[in-house]
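Consider the two complexes below, in which subunit A is the common component and subunit B and subunit C are the respective partners.
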Partner chain A sequence: MKKIAYIAMAAAAMAATPAMAQSASGSVAVTGWVGGKCTAQTPIAGAIDLGDLATSAGLINSTFSANVGGLSRSFSVICTSANVNITVSSDALNNSTDSTTGGGYTGRVHYTSTLTANKASGGTASAVYTTADVLPAATTTALGGRLQNATNNLTVTVSNGTTTNSGDVLKSGNYSSTILITVSPV
Partner chain B sequence: MVESRDIAGWMARCATAALAAFALAQPAAASTAPITAYYYDPALTGYSFPGPQQAVMTIDVKASIGGTCGFATGAAPSGTVNAGQIDVSAWTQDVPFTVECTAPWRIAVSSQNGALKTAAAGATGYATKAPYDVALTLPWDTGFATGTVTASCPVAEIDQAAGSTPCDFEGAASTANGLLVPRSFGLSGSKMTVSAPAYSGTDVLVEGTYNDTLVVTISPAS
Partner chain C sequence: MRKLMILAVPAMLIAGPALAQNATGTVIINGTVGNKCSVLTGSGTSGTWGTTVNLGELSQSDGTLRTSASLSNDFNTVAAGAQNAHVVCTTANPTITVNADPLVNTAVPTVSGSGYTNTIHYQADVTVNKVSSSTVYPNDSNAAASGPTALGDRLAAAGPNVIIATSNWRTLGTDSQLVAGSYSGQIVVTITP
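The block that comes next holds the complex of A and B.
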């Protein structure tokens, strides 16, 4: 007469269970490069007007005190490299019609160009070049560090006018010279 | 004979119920207490049976289908993006991948350096990190609707060391973190795009090789 239902429900514990949450990943490498280079922010160009090169006695005014607008010019250059070479050279100031020397007269004036670079770490480094009748090789100086990242971080200055013979009188006329400046990554 | 037939039928019903529970359900509160039911024999008129005529059991049946989520085989984001000379030219490149997620999912991206970074030493006025952008394009299809989730962040916002940022896909994907996407299974068009204009920061990028690693993770969403 009696029926007994004896059901062990615990067996149902193996019923559906959600799949475990999964995650996945991937990896992508991104690379690029920056080359070593120096770039002038504005053209390294300009002019330095030394005015009358001669004293009242006709000899070279070694300080170029008659200059118009100063004896220096500054430029802005950026470099990516950890070290930078600065190089300077020039020819002499030559009379456009007669640059010879003789008989107590001369049409050639020698001078010194000083190229100075500001360093990122502070301080400066300079390359100095002085013309002669036989032009020496260009002068190169390594900064030994990074160039300062700032405007007008390079300055060239002319100074110390001379003649081959110290007593020579300068011939009248126009004198000109070109200073060559190079800034290169190392 | 009647009694034997009824008992057989009853047992069959109980067995059926038990099987159903066994196969489908995880009971909310399993009970192992014996239940006693009685056959109310019509011949026993006036007899007071000590228990119920039926053993009534309430069984909560629950089931769920767990979402699976991963990249299709051989279609996880990988490889190398070569950005070239980053201070000279703009660059952009897509990294395609295929997602197989059967339910809503999330994606996140983490950057090792938060930028393209070089090991070279810097100095005042110089930079050793170059920024770029990371964008995600994620088509989805729920079976009822389709669409595309897009998002973009500066890589600095997914720098692994950056902590919390406004970027929607910063860090590692989890059920609660990352950019939410309804459902994507085998859809084409999923991609990560990395790009930048030519570097133009005030500080000068130093000479050298620049690197970063992006780790893309996906996870089922909660």
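The block that comes next holds the complex of A and C.
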């Protein structure tokens, strides 16, 4: 600024004529970014108690009708992206002491996890995962739109209990499994 | 111009693209299978099974008991499989108790040593098919109940896996003459998870 003033004064003295007004101008570019992100409003966590898995005949109760507290859990997730992937996977329900299968008995129960997301445009999209002795890869489904901006917009439901061999008697004991849920921006 | 460029550089640093951020979580699934034993009936399950085996005339023409082989054979023939059961248990090592009661003609008391008797003894032979083997669990009607005895294995999944037969039909001592009338007894098998 000092240099500009000095030059201007010298020129004015030499020419002794009125100078044209000269402005100094500039601009500041301001940009921002909103990353693709999905955030759970409350932790995606919970437990589902299926109760007694066996019928009186010792076979799998495929409807899990002895459950305590229902077979679904809902969560609230927000995403900034125009499209969202929902992914679900799990392991089988394994007997904590003996999960083997043989001799007409089994310590393993397979089931289906259905992860359903509500879309902002209406309707839903679901990712469905069913366990097997050799676990398949996780199931991912794209919503094809934005996630609904509302509470409880994501629901996981378990269903359809089966055993590896139909007719196998379940081994007594405690069984447990974990469902993994991921909501990703696209 | 130099100043403008200096200002622009920090602006670009702040506005850089962010990494994608996922929302993840887990849901724990729990369940149990209780200790239970049930009888498969074909149309469902039951806690019990049973039948009545009418052996008909028990004595020979001389009034003594028919042969053990004859009665054992008739027991199987008359029962026609209804005495057997398909039992399933969820536990690894169920127990079995066998209690055979003699056939008694309660309407006609007899005195020991008189040569007459109103009591017929036998042995119940309960064969249990297990996953790895089969074992016979006997109980004589002249003895206390046998068991509870651990099977040491799971019951075979296929049925019938509890098979009841009889042997050693007899009267005791010299009291071999059966008194006329109706005789009844029972075999009780209990399988506990």
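The rule is simple: the second predicted complex is superposed on the first by the 157 of 186 C-alpha atoms of A that agree within 3 Å, B and C clash if a C-alpha of one lies under 4 Å from a C-alpha of the other, contacts with A are read in each partner's own complex, and residues count from 1 in each chain.
Keep in mind that, in the parts below, a residue touches a chain if its C-beta (ideal position, glycine included) is under 8 Å from a C-beta of that chain, and two chains touch if they have at least 3 such contacts.
Here the structure is a predicted model, which means the values were calculated and not measured.
Using the contact criterion defined above for the overlaid structures, shared-chain residue A:A117 touches neither subunit B nor subunit C, since it reaches no partner.
Of the two partner chains, subunit C is the only one touched by A:R73; subunit B is not. By the document's definition of touching, of the two partners only subunit B reaches A:A82; subunit C does not. Once the two complexes are laid over each other on the shared chain, residue contacts for A:P185 go to subunit B and to subunit C alike. In the superposition on chain A, A:A150 makes contact with subunit B only, not with subunit C. In the superposition on chain A, A:A125 makes contact with neither subunit B nor subunit C.
Measured by the number of subunit A residues touched, the leading partner among subunit B and subunit C is C.
Shared-chain residue A:S23: touches subunit B; no touch with subunit C.
Taken together, the two complexes place residues 26-37, 79, 185 of subunit A in contact with subunit B and also with subunit C. If you check the complex, the residues on subunit C that touch subunit A are 1, 3-4, 7-8, 11-12, 14-36, 38, 40, 44-45, 88-92, 131-132, 154, 156-158, 193. Residues of subunit A that touch subunit C in their complex: 26-40, 43-58, 64, 73, 75, 77, 79, 90, 93, 95, 98, 103-105, 109, 111, 156, 158, 167-185. The touching residues of subunit B, counted against subunit A in their complex, run 3, 7, 10-11, 14, 17-18, 21-27, 30-32, 34-39, 41, 55, 57, 59, 62-71, 76-87, 91, 95, 97, 116, 118, 120-121, 123-126, 130, 132, 173-175, 192, 194, 199, 203-220. For subunit A in complex with subunit B, the residues that touch the partner chain are 1-37, 78-82, 120-121, 145-146, 148-150, 185.
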